[in-house]
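You will see two complexes here that share subunit A, one where it goes with subunit B and one where it goes with subunit C.
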Partner chain A sequence: MSKTLFEKIWDSHIVVEENGRSLLYVDRHLVHEVTSPQAFDGLRLNGRTVRRTDLTFATMDHNVPTSDRSLPIIDQTSSTQIKALERNCKEFGITLFDIHSPNQGIVHVIGPELGITLPGTTIVCGDSHTSTHGAFGALAFGIGTSDVEHVLATQCIMMEKPKTFEININGKRKNPHAVTAKDIILSIIRKIGTSGGTGTVIEYRGETISELTMEQRMTICNMSIEAGARAGLIAPDEKTYQYLRGRKYAPKNYDEYVSLWRETLKTDSGARFDKSFTLSAENIAPQVSWGTNPAMTTDVTGVVPFPDEYGKGNSEEEKGAEKALQYMNLKAGMAITDIAIDRVFIGSCTNSRLEDLMEAAKVVKGKKVSSRVRAMVVPGSQLVKKNAEEIGLDKIFKDAGFEWRESGCSMCLGMNPDILASGERCASTSNRNFEGRQGTGGRTHLVSPVMAAAAAIHGHFVDVRELDLN
Partner chain B sequence: MQPFQKIKSIATPLDKVNVDTDQIVPKQFLKLIQRTGFGQYLFYDWRFEKGTPRKDFVLNDPAYKNSKILLARDNFGCGSSREHAVWALDDYGFKVIISTSFADIFYNNCFKNGILPIQVSDETLQKLFSTKSEIEVDLENQSLMVDNVPILFHIEPYRKKILLEGLDDIAMTLLHEDKIAIYEKSHKI
Partner chain C sequence: MKGSVIKYERDNIDTDVILPGPYLKIHDYAELATHAMEGLDKDFHKRVKPGDFIVAGRNFGCGSSREHAPIALSYSGIKAVLALSFARIFYRNAVDGAFLLPIEIDEGAYKDISDTDLLEVDISTNEIKNLTKNKIYKMKPFPELIGKIIEAGGLFNYKP
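Showing the complex of A and B:
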């Protein structure tokens, strides 16, 4: 019988099926400081151990400061949580990339970087953006803390089988440096909505996806959760195998695995999906979010929509848009390019990898950040930071007036000192524009790295298709 | 986990779509390392302004002070996987959440903490939003009693069993220890 890629990975990980649910084996478990302390407490309380310490990897990313790492952490609650992870990893025997490790970074950046993420595997993490790892053809789920405890104790997760959803993206982008993977995924979410993928695993397919680099594919899969999906997947290809070759935790007999993956890890022709959506990439414009969820997004050449126009007859959505405009302090009908910016954040598990920084640097090189803007770059990992510094990106950003910081989640969710003040407006390469996400009362506009960089220079949004990015 | 009991209470109407878990419990409270005490932070940025309760937020309306049921709109609990959102709802006193749809991770987290999320039709939700009387939730019979009219709801049988019996799902999985060990032997990556 023809199967989708998702079904193949799912079926090959079933340990037990009962009561309409499957107990799935977990190949890799990624752990961070925020969603794990209560799980370790649960283990202690019940006298349980970690079943597979060799398949469990931890780092600290959510609330680590991005300033000088030789200084002590001032925020006592952050410090307590970080120390708790150190203690727990030591007690239970788990590999930890701590704040001083050259491999520290955002958990979804370091997984692929270290070859922990592998095609055809199942991966879980107590973080919704675990969907990122789907870019490698891994079935990767974000889970809650109770499930973190469950996986630590059993190396398995009990789930109902999600439905399958194919999203086909075809056509050539006219200017792929200006219209990025971020713009593709924002366009998709804008069309299918923040619950368009609920209950499904999305497989992204089509020629546009094939052309994307691994880092761009990660940006796409990363935001699957913003469409409500359980996971996002892209079938692995030669780019995938090349990217992972020689990485620290990739298997030693790598070529044997590659032969197997080449044969098996694809959706069979004739396999059926429960749901389907098609998008042409040809006419996608750079995207800018204007509201308080990622579906509230429009073209940079567009205007802030009127709530009734956004709601399309759905009175609840219309009310939501009204509240969003109020929160964002925007007027319907206003041109997106007239929105002035106070802060710029280039970072997060969506857009903090080397290519993201290289693309943004092209916009910034030889220019100065607008006097009204405070701008920062937060590399996704220590390795990204090191690689960027080796090619001089730090100097380009610093010369332009950007802050160049240490790696972590930073202002994507503002659990560390990097936050917006109330009323501040930020062009951000992160994934969520929820109320207060980057700081209570802060206003977030989601954009690509090049769009964020251009907004930093000009003090407002500009259409990056008009810049020379080649 | 405590077994789920019948509940009778007025319902708190939260009239907003796409309520994300960042709103249910904002990030500044995720640094705590215990599971308890999150109720005071529930909907914090909507509930308080500079530490003072906001009169225009429904949880601050005395009429709903002891409510155990939260009525929500479409796509409740979207966004972050933080289980702290469910801990906060539970600690505050909500045992049932009724909506037309829930985000997947949030929905799953509810069952791990003895909270019952009930998915209903638009029409039923409208009815619940418009009633002022108490709603009785009977999980055993999968029914909501509203103004003496029963409304049946669907729930996956195994999830129902978990809640009614207050089962520890790690212990349930460990019953399959032999099968996990066999799987592990043949599966290497």
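Showing the complex of A and C:
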């Protein structure tokens, strides 16, 4: 019988199956400081151990400061949580990339970077953006702390089988440096909505996806959760195998694995999906979110929509748009390019990898950040930072007036010192524009790294297709 | 279960407004509860009483996988959230940790139920009685497995 890629991975990980519910084996468990303390407490309380310490990897990313690492952490609650993870990893025998490790970074950046993420595996982490790892053809999803404890203890997770959802993206983008993977995924969420993928695993397919680099594919899969999906998947190909070759934790007999992956990890022709959606990439414009969820997004050439227009007759949608405009302090009908920006954040598990920084640097090189803007670049990991510095990106950003910081989740989620002040407006390469996400009263516009970089220079949004990015 | 309604006529109530990021560092559940819904309704913790229900629109609990969100609601006294639909991680966390019941209701019930209405929810009959308006609504029954986990008192007590 023809199977989808998801079904193949799912079937090969079933330990027990009964009445549509399955106990799945977990190949990789990634742990961070925020969603794990209670899980370790639970293990201790019940006298349990970690079943597979060799398949469990931890780092600290959410509340680490991105300033000088030689200084102590001032925030006591953050410091306590970080120390708790150190203690827990030591006590239970788990590999930890701590704040001083050259491999520290955002959990979804370091997984692939270290070759922990592999095609065909199942990966869980107490973080919703675990969907990122699906870019490698891994079935990867976020879980809560109770499930973290369950996986630590048993290396298994109980699930009902999600539905399958294929999203086909075809056609060539006219300017792939200006219209990025971020713009593709925002366009998808804008069309299918924040719950368009609920209960499904999305497989992204089509020529546009094949043409993307691994880092760009990660941006796509990363935001699957913003469409409500359990996970996002892209079938692995030669780019995938090349990317992972020689990475620290990639298997030693790598070629044998690649042969196996080549043979098995694809959706069979004739396999059926429960749901389907198709998008042409040809006419996608750079995207800017104007509201308080990622579906509230429009073209950079567009205007802030009128709520009734946005609602298209749906009164709840209309009310939602009204509330969003109020929170965002935007007037319907104003041009997106007239929105003035106070802050710029280039970073997060969505867009903090080397290519993201390289693309943004093209816009910044030789220019100055607008006097009204405070702008920062936060590399996703220490390795990204090191690689970027080797090719001089730090200098380009610093010369332009950007802050060049240490790796972590930073201003994506307002859990560490990097936050927006109330009323500040930020062009952000992160994934969520929810109310207060980047700091109480802060206003977030989701954009790509090149769009964020251009906004930093000009002080407002600009259509990056008009810039020379080649 | 009997309690009064705190209604938010909103879709996409996300985990960042249910329990804002800065409070994810708090380990004490009672203290977490004092920040529940703070991103949307600063007066929630003053208003909420043990046994209350939240009524909301579509895609309740979207966003982050933080279990702190259902924990904060649970420890502030919320027994169930009645919504048009739920984001899956929130739903799963609520059930696994036995923090609160995520109950799906239909448009009719959602429109009819008002803030402060007194409800009686019976998951054995899948009925919601509106004692204030003297009406009965049907809730969407829990799938079999989820019903069993709820009955057992969470994932850790559930024996297949």
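Here are a few things to note about the model shown:
Everything below uses one rule, namely that the second predicted complex is superposed on the first by the 469 of 470 C-alpha atoms of A that agree within 3 Å, B and C clash if a C-alpha of one lies under 4 Å from a C-alpha of the other, contacts with A are read in each partner's own complex, and residues count from 1 in each chain.
Keep this in mind: contacts are C-beta pairs under 8 Å (C-beta built on N, C-alpha and C of every residue); 3 or more make two chains touch, one makes a residue touch a chain.
All of these numbers come straight from a predicted model, not from anything done at the bench.
Superimposing the complexes on subunit A yields a three-chain arrangement in which subunit B and subunit C clash.
When the two structures are aligned on the shared chain, A:266 is found in touch with neither subunit B nor subunit C.
When the two complexes are overlaid on their common chain A, residue A:25 makes contact with subunit B while staying clear of subunit C.
Looking at the superposed arrangement, the partner reaching more residues of subunit A, out of subunit B and subunit C, is B. In the superposition on chain A, A:156 makes contact with subunit B only, not with subunit C.
In the superposed model, A:353 lies in contact with neither subunit B nor subunit C.
When both complexes are overlaid on chain A, the residue A:48 reaches subunit B alone and has no touch with subunit C. In the superposition on chain A, A:374 makes contact with neither subunit B nor subunit C.
Within the superposed three-chain model, A:77 lies in touch with subunit B and with subunit C [touch as defined at top]. Legend: residue contacts after superposition of the two complexes on their common chain; A:121 is shown touching subunit B, with no touch to subunit C.
Comparing the two complexes, residues 16, 19-21, 34-35, 37-38, 62-63, 75, 77-78, 80-81, 126-128, 142-147, 149-150, 158, 160, 194-195, 198-199, 225, 228, 230, 293, 316-317, 319-320, 323, 413-415, 432, 434-437, 440 of subunit A contact subunit B in one case and subunit C in the other. Within the complex, the subunit B residues that touch subunit A are 15-18, 20, 22-23, 26-28, 30-35, 45, 73-75, 78-84, 86, 101, 103-105, 108-109, 112-113, 156-158, 161, 169-170, 172-174, 176, 179-180, 183-184, 187, 189.
Interface residues of subunit A facing subunit B in the complex, by the touch rule stated above, are 13, 15-16, 19-21, 23, 25, 27, 34-35, 37-38, 41, 46, 48, 62-63, 75, 77-78, 80-81, 84, 118, 120-121, 126-128, 142-147, 149-150, 153-156, 158, 160, 162, 194-195, 198-199, 225-226, 228, 230, 251, 257, 293, 316-317, 319-320, 323, 413-415, 432, 434-437, 440. Those residues of subunit A lying in contact with subunit C across their complex are 16, 18-21, 34-35, 37-38, 62-63, 75, 77-78, 80-81, 126-128, 130, 142-147, 149-150, 158, 160, 194-195, 198-199, 225, 228, 230, 293, 316-317, 319-320, 323, 413-415, 432, 434-437, 440.
Across the interface of their complex, subunit A is touched by residues 9-12, 14, 16-17, 20-22, 24-27, 39-40, 57-59, 62-67, 85, 87-89, 92-93, 96-97, 143-145, 154-156, 160 of subunit C.
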